[in-house]
Amino acid sequence: MSLNLGNIIFKPTDQYHLNDISLNFEPGKMYTILGRTLSGKTTLLKTIAGLQTPDSGNIQFEGKDFLAIPVWERNVAMVYQQFINYPHLNVKQNIEFPLKQRKMEENLIEKEVSDAIQKVGLKGFESRKIQELSGGQQQRVALARSLAKKAKILLLDEPLVNLDYKLREGLREEFKKLFTGSESSQSIFIYASTDPLEAMQLNGDIIVIDEGKILQTGSSKEVFENPANAKVAEITNDPAMNLNIGRIENNKLILNNNIQFNLPSSLQTMSSDNYLVGIRATDLHLDNNGFDFKVDISEISGSETFLHLHNQDIKCVATIEEVKSYEVDENVKINFDLSKIYLFKESGELLYSPYQK
Amino acid sequence: MPKLYTFLKYFCVILWSCFVIAPFLWAISTSFKDFNSVTGGATYIPWLQFEPTLDGWSVLFKPGSQGGINIIGPYFNSIFVTFTASFISIALGTLAAYALSRYTFKAGFVQNNDITFFFISQRIMPPVVLSIPFFIFLSTIGLLDSLAGLILVYIVLLMPIAVWIMVDFFNRVPKEIDETALIDGCNPFQAFFKVVLPNSIPGMIVAGLFCIIFGWIDFFFAFILTFTNVQLLPVKIVALNSSITPWWSLSAAALVSVAPLIIVAFIVERFLSKGNLTGALK
Amino acid sequence: MKLKTFVSTLASVLLIGSQVAYADKWSDQFPHIAATGDIPGMCSYEETSKKDYSGRTLTINTHAIPVMGEPTALHAEQFEKLTGAKVEVTHTPAGDLYSKAMVPFQSGQAPYDIVFGFSNFINDWKRYLAPVPQKYVDQMTDVTASHIAIASWGDTMYQYPVDGDRHYLKYRKDVIDNPEMQAKYKADTGNELRVPQTWKEYAEMATYFNGWDWDGDGEPEYGSAEVMKKDDLMYAAFYSRSAAYSKNPRTPGGFFFDLETMTPLINNPGFVEALTDWVEAVNFVPPGGINFGLGDEINSFGGGQTLFSFSWDDAFVAAMQDDSAIKNQVGAAQLPGADKVWNRETNSWEDGFNQAPFFVWGWAVGVAGKSDNKDMAFDYLCFFANGANHQADIGIGRFGVNPFMEEDFKADVWTAIGWDAQVAQEYVDTLADMEKSTNRVFPLRVPGTFEFNSALATGTAKALAGQLSPQEALDEVAAEWTAILDRVGADNVRDAYAVGVAMEDNEL
Amino acid sequence: MNFKHKFVFLLPGLIVLIGILIFPIIFTVRLSLSGWNSYNPGLDFVGIKNYIRLFTDDPRFWESFFRLSFLAITTVFLQYIIGFFLAHVVWKDIKFKRFFRVLFLIPMMTTPVIMTVIWRTFFHESLGPLNDFLSIFGVQPQWLSSPGLAKISIIVVEVWQWTSFMFLLLLAGLLSLPKEPFLAASIDGASPFKKFMYVTFPLMAPISIGAIIIRLIEASKIMDTVFVLTSGGPGTATETSSFYIFIKGLREFQMGYAATMSFTYLIIMIISLTIIAKVLTKVLMKE
């Protein structure tokens, strides 16, 4: 009952939108497609839905050639980042629309619709017009419509990104519950996101995609601990992992003439060469014995402060666990948690991870 | 500064209003004059400056044998032709505009924009140019001097407007709505008729208003392509233009011909104020 | 219809008593002919009523309301009542009459049984028109010879005479014949104030009486109202002004072209002199006069705004309407002449007075050759121009029906509708003298007439607007005419033009 | 999306349009290669004789074309400026907003050929109200009979009639603008002028381009106004392309030559409108 994508290529212009995508989705599981804006996430979802036809490749679902089935017969559901509903219908009419389209029996429709309304917490709003709802409520309607369909494949394209922070947190929890609820467990859930944190929280399989190409697939832990390459390390961290060229020479890791470390023991097997040195923003911290950096920008996010720093050509971002504003060009001393350093080849492949097996 | 700005704002608006109204006021005054009141120099106020007469107005409703033009029949012809052609243009234009907005067409170097431009470019051709070919075309298919023939020609005039407005309109309707409908089990036709169309009424009304205006004010084709069976209002009115330009009856005719469209102006304004037009125009 | 006009017409007829209001059965039914009653003839009311055209439809394209358009519609309604036919009349502005008929003609259609137009369309139209059957021609005993000639091409009549047109001079009697004004003018200029004999005198007087309030109505008056707007009438005004300088009775063989060589004569010194006069005239027309069409000219002179005017009848008739402020204060005279005339054979000016009337084109009407209703159409036209209708029509100014029958050149026709005897006499004398003249100009009626006239209008308009000098403008016109001759074929034009020249040279 | 159904949407309109137009357009091209005129109607073949005449021997056509360009660009520019100003004023709070909106819409609903007659009487140098009013100041401008003023009169009438079209498009555009950028600008303390220059105007750029192009298309057909107001005079001072084509075609009945001019005109217009659209997009969308 799985969904298989084989060598999907979609190249409408001279750039690849989907470049040789092969994936396998199992029912009852949750997949997160993680990638930056325009990386091909939405195109991939639309291809699965049937809104877009790939140039080549094949899709099999339940053993059948999915590409031969037009979108309106595929029985998938999709929730968009924009709050897409039918503006001329009220809440209830919106939710029952796909069921009526499928010519389901009236009393069954009643039941499914009221179930779905119940689930997304819109009881009492049945006859409201869409325009009279808040953004969060509108998205719940869209969600309810998808749930009521009991589609075998549920596609969610950054459904929470246009909501404010608090709503987002709340809805995300509900999502998890709804998706893992017993009756839905036979469906395939595919969730597209740009937010690594969200991907981690959803805790399903992660598919990292960039420029239409799959960079890595695996559990969230796997992807977090052992990013297959520097690109993945950037995409799966927010702020992106700091990456700078460094050199190993004479038992030292040299970033520039100011910033040099004694090579930690775990890295001593590495030969003398140039490497991409990666370290997460959270693994940098203020330390009076640290290196001198100048502040470029400081931004406060929630209970943290992101400091964009530079020392000569070395640039990095550090996450500081306090709320404090810094002047531009202010001097700060920063130290690195050397045990959390990643090494990549200059071409990007992972050479060393602190979590290496 | 804000005070000066407000003053200037009102000043300009009132100045423009006067400019807009002036010819109408002049036409109203003139419509009650006769030859002598006109040739005696510019006058404005009836009774005070000239002796008002209803001659100018009565001409519009008298038969030709009594020196009138009897505009009642042409009036309804005009309304019928304008509305029918507008309706067909909107129907076909909306469908085409939807296709051009949502789907990709490619045939050699021709793409969506080129097709859209092809539609709009039909308005570039000056009417003079097309009059003779149209004449021969209509006479070949036997529709010369008929309502159907005029409607056919007006469709060419109006469909570009409908396509132009509706392409812009559909470009502003999120295409995800159609996609959702498709995902929800509608085929492309159902998606269009059940979901897109009900949400396009404002756009279609605007396109319709434009079509009605441009159909109503056409003179040239109506003039060349009709003889006796079908007479449209502007053609009939222009028939007043004898050796002496009858300022009085032409003024009355101008006022009569603009009257129904003032209702249109009110409808347009209502749509604007209710905000229903939001997104209906580019 | 102006009831007032009608009532007063009727009243004056009754008062004068010289004419008896025939209360026959036709005038009871058709008040239009109340003044005369039915007049016997082939197409009288009596005869027409014997025809039965019920179930048939006659279609007519005529001029806009009211000039020609109103009588067409009126007689159509009468014709319907008498014969049971259905008559559909459409009204078209003057400028479009040609194309409105030509477009269907050229594509082999006959949407109109009867098409109204101007007499100079004859060359372009004749191949699409049905010749007037001999029985109708035979009964036109009263139509003047020149109007028969205008309506015919060679020996065949294509246009049914319903109207007569010519250009003549209109002037304000209350100024020109006014002893006070005459004295004042003499004192100021040393010249006699009289009906202008030459265009130079015309210009002097117009200049003198330009821009001041000489009739005491509180508004300034002006010298002359003329058709100067670049449209289909402008060139006619220019030909009227040129005739005296360029129509030399001693050099027959063409006014517009030299018939032998087909060289355009339009830029010879005679025409240049006329255009120089005309450019000067821009100084004594009312404000905006350079943009006057015929309608403006009628409004202007007919409304009492100018001293002179010289085109069609309309301005004069408008001035003579009952409600006109200057009724019976206008006079008619021959177009002014010139003190010299160009001789194109000797290439020199000949001194001595010369005058030549211009038989400008006027309303003309034909029956489409492809019409299925030719019998009914000719009966209608014959009815249109029957004695009773014609008598009634020429008295109604806005109808635009002007004298073309011998009967019309009698003063009492006009005194009967309230004209002063002197005005009426001058009027009929002027018209009759034109008929008698042997040195006259007929309009250009050749293939491409419209192109020639349009080129002339463009050239002269440029001169009036000051864009070109008269000589330059006419040189440009001549060059354009030569180009048109090349396109049309000089021989084609010559063949057609020869017909007109024969009329001018009194060979017909 | 790409389904075969797309053709069912597009083709009915396209086929109807092409079906009605294909004959007239082919006929026009064929006509342009013939010598059809009043005395010789018919599709004889004269090759490109007409085109040679147009390109080598007819300065009047090219003069009329440049005059048309001047008139079209001037009027559309004025309509845009005034239309934008008026739309901007009645967009927000002003007393009698709805009254003004209706009033400003009315001129485009009048039939040009009839309304221009009223304008002609309005401009009439001796009987019209305009000079009657101006006589207070002792001036009597020759509105229709001096080459310069006649052009201005035409511009005035065109601006009167069609500013309302621009006004409607721009007002509808303004009313559909998103609110966020304005809030942001207000928070930043931008002056009304700056708000207009940096927020309103750039947001309106796509609407402006559409409106200007469509108006240029319509304005280049300007004919009724010229015909009624001045008949192209004085001299040829106000002759525009379509009026000149009209004269040659339906007055002088040189149908073949008129078709030649029309076809040439159509090609020039399509090329120049494409260029104008590109340039406008570049200039206005830059911000």
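Structure notes:
Going in written order, the chains are labelled A, B, C and D, and every chain counts its residues from 1.
What we mean here is this: a contact is a pair of C-beta atoms (placed from the backbone, for glycine too) under 8 Å apart; a residue touches a chain by one contact, two chains touch by 3 or more.
What you are looking at is a predicted structure, and each value in this text was computed from that prediction instead of being measured.
Shared contact partners of subunit C and subunit D are B. Of the two chain pairs shown, B-C and A-B, the one joined by more C-beta contacts is B-C. Centre-to-centre spacing of subunit B and subunit C amounts to 39 Å, using the average Cα coordinate of each chain. With centres set at the average Cα position, the gap from subunit A to subunit D is 52 Å. If you average the CA atoms of subunit A and of subunit C, the two centres end up 90 Å from each other.
Each of the following residues of subunit C touches two or more other chains: 96, 103, 293, 296, 299-300, 305. Across the assembly, subunit A contributes residues 51, 70 that each touch 2 or more other chains. Of all residues in subunit B, those that touch two or more other chains are 38-39, 41, 131-132, 136, 179, 182, 187, 238, 241, 245. Interface residues of subunit A facing subunit B in the complex, by the touch rule stated above, are 46, 49-51, 70-74, 76-78, 80, 82, 84-88, 97-98, 101-102, 142, 145, 149.
Taken in their complex, subunit C has these residues touching subunit B: 1-2, 59, 61, 63-67, 69-70, 72-74, 76-78, 88-94, 96, 100, 103-104, 107, 109, 111-112, 219, 293-296, 298-300, 302-305, 312, 314, 318, 321, 323-325, 398, 400. Of all the residues in subunit D, the ones that touch subunit B in their complex are 1-3, 5-10, 12-14, 16-17, 20-21, 23-25, 27-28, 31, 82, 85-86, 89-90, 94, 98, 100-115, 117-122, 126-129, 131-132, 160, 168-169, 171-173, 175-176, 192, 206-207, 210-211, 214, 217-218, 220-221, 223-224, 241-242, 245-246, 249-250, 255, 258-259, 262-263, 265-266, 269-270, 273-274.
Put simply, subunit D touches subunit C in their complex at residues 35-39, 41, 57, 60, 124-127, 131, 140, 142-145, 147, 150, 230-237, 247, 250-255. The touching residues of subunit B, counted against subunit D in their complex, run 5, 9-10, 12-13, 16-17, 19-23, 26-27, 30, 38-39, 41-42, 44, 92-93, 95-96, 98-100, 102-105, 115, 117, 119-134, 136-137, 140, 152-153, 155-156, 159, 163-164, 168, 172, 175, 178-179, 182, 187-189, 192, 206, 213, 216-217, 219-220, 233-234, 237-238, 241, 245, 247, 250-251, 253-254, 257-258, 261-262, 264-266, 268-269, 272-273, 275, 277-282.
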